[in-house]
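Letters are used for the chains, namely A, B and C, taken in the order the chains are written, and counting of residues starts over at 1 for each.
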Amino acid sequence: MTDRPAILRHLEAVLFVADEPVPTADLAVLFELPAHRITEHLHGLQEELAREGRGIVLRNVAGGWRLATSPDSAPYLERFVGEQRHGRLSQAALETLAIVAYRQPVSRGQIAEIRGVSSDGVLRTLLSRGVVEEVGRDPGPGQAILYGTSQLFLERMGLDSLSELPSLADLMPDTRAVERMESGLGPGL
Amino acid sequence: MTDRPAILRHLEAVLFVADEPVPTADLAVLFELPAHRITEHLHGLQEELAREGRGIVLRNVAGGWRLATSPDSAPYLERFVGEQRHGRLSQAALETLAIVAYRQPVSRGQIAEIRGVSSDGVLRTLLSRGVVEEVGRDPGPGQAILYGTSQLFLERMGLDSLSELPSLADLMPDTRAVERMESGLGPGL
Amino acid sequence: MTYAVKLDVFEGPLDLLLHLVSKERLNVADISISEVTDEYLRASAAMGEVDLETASGFLVLAATLLELKSLKLLPSRTTVDPELKLLLEERDRLLHRLVVYATFKTAASRLGSSLSENSGFHSRSAELPEELAPAAPDVLRNLTPEQLARAAARALTPPEPPKVDISHVTRVTVSLDEMVQRLKARLEREQLSSFRQLCSTARARIEVVTALLAILELFKSQSVELEQDQPFGEISVAWRQTAPEAS
């Protein structure tokens, strides 16, 4: 261990797991430090990563700070992500796509509620891939954007319409078991 | 820029974008280097990250290499991402997970038989956490779904492969404990 | 000596039995089946619903324990009659299950420690950077509608309900002892009835379970005779005029 300040290590770790740019203000709250001190540390980390020629660099982009890969690694990265193996959705993306497909039109908030975690990052990926799209606005107070699956989604899945999606009834065995139990053991027995 | 070998930078960048542990063999193909050279570089990178007290460490888990945050940043991460990420598993979930880990591929029925209670609810929790997955169907009449542990399970356990699990024979109750159970159950002949 | 247990801390009948028989100097003969059963019913009622599979597992276990207990209370026999032999085989099977279960319980606690030792390592779960997205192959290529449906079913099924601390809640609508008394009175009056009739006034599932256990108690004390013509058929319950003295 060097005498590198611990805050640099913690900043690096937090930015590592963040799935979108983190505003300086959020980091200030997290570390209970004034924003200008956080900014100093971030600049320190940025220089350090650049000076040491690391594969990970720190970028100050719209909306905050995020870690990214070093530009000269791009050729390897493209080959790496182009591999067949990576041609599948992450578990989180698959789950989010499934929720959108079966519960559309659905808002970000509703997706997050079902999954128990924020799904903004994966939703953005699905939007950028063109399989999910905005389909309207919630008429309620928040006017939340509502999402649905696209025509491209249907084509890729080999479906003519959403009604051809397999029924969920058979796949949720527990609900069925409960219903059977209810009807088998009616009141009064 | 230092005279740090460029390969360390590229390795770091590739592992940064990977969404699961990357086997040494895949990296050898990508960088057109013999596997043992890649392993050397990876060990170099691993030591470097540890020595410099960085927020990111390199681990050899689940049959590959994976960047992760250093555990001493965990308190900040938990505050940052919220608690859900690595929520603790219930006793029932751990028992079910142990049965799946040692008896895979295994069906719901087989799990229930060992535990003496239905384990459908906890099994669903394990599936949604991604540590257990469907691995096939029983060829027998019922065609029961068979479950096994996932790569994420190994990663969460810090294991490189299932063979590193402690042997079940070492976990059995000792002779005295078995004798006590036996006499507790009733008289012998 | 009877032994009081708090059932809500156990994961099921096997876990409970493992706990009971692993105690020093405690064996089946010391366990008060009715106390254990009452405790079980109280725990189930407090959880708001009876998991039928767990309940039936528990019933099978309670019945086996009753049998083992009667064996234990009998004066030692020298000859091995077939019934005794069956019972001993049953005991061996139960012992085997207990050993297997105990082994997995230890494995579970090992897994639990490994998981918490490794819980400080967090990996990145962020999606591919946008600039790299064009290089990635078509993500839907290998996805089938069935896989999508399975993912939806998983996501939309509510997760395991959290464990509820029940130490302060509800009392059971009727205890096993009360049910035994109630059924005794009714059977003395009616002489012959069926399980279905006896349960016809049950207001909750838990009362049906209690009634079944009460009938088993009465059967054990030889106060009733039971008959069932076929599996799942009507169970007739007959009051024995000459019930032996309660032991």
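Everything that follows uses one rule, which is that a residue touches a chain if its C-beta (ideal position, glycine included) is under 8 Å from a C-beta of that chain, and two chains touch if they have at least 3 such contacts.
Bear in mind that the values here come from a model prediction, so they are computed numbers and not experimental data.
Name the graph shape formed by the protein chains and their touching pairs; answer line, ring, star, complete or other.
The chain contacts form a complete graph, every chain touching every other.
Of all the chains, which has the CA centre nearest the overall CA centre?
Central chain is B.
Report the inter-chain centroid distance for chain A and chain C in whole angstrom, where each centroid is the mean of the CA atoms.
That gives a centre separation of 41 Å.
If you average the Cα atoms of chain A and of chain B to get two centres, how far apart are those centres in Å?
About 22 Å, centre to centre.
From the mean C-alpha coordinate of chain B to that of chain C, what's the distance rounded to whole Å?
So the centroids are 31 Å from each other.
Quick check on chain C: which residues sit in contact with 2+ other chains?
122-125, 128-129, 132, 150, 154-155, 157, 159, in rising order.
Specify, in ascending order, the residues of chain B that touch 2 or more different other chains.
Residue numbers touching two or more other chains: 16-17, 19, 67, 69-70, 72-73, 77, 81, 85, 121, 124.
Considering only the defined contacts, which chain B positions touch chain A in the complex?
1-2, 4, 6, 8-19, 26, 30-31, 51-56, 67, 69-70, 72-73, 76-77, 79-82, 84-85, 120-121, 124, 130
Contact residues on chain C for chain A in the complex?
Touch residues, chain C against chain A: 52, 122-133, 135-157, 159, 196, 199-200, 202, 205, 208.
Where on chain A is chain C touching in the complex?
13, 16-20, 68-69, 74, 77-78, 81-82, 84, 86-90, 92-95, 97-99, 101-103, 114-116, 121-122, 124-125, 128-129, 131, 153, 156-159, 164-168, 171-172, 174-175, 181, 185, 188-189
Help me check something: in the complex, which residues belonging to chain C touch chain B?
Going through chain C, the ones touching chain B are 11-15, 18, 20-24, 26-28, 51, 53-54, 57, 61, 68-69, 71-72, 76, 80, 88, 91, 94-95, 97-112, 114-125, 128-129, 132, 150, 154-155, 157, 159-161, 163.
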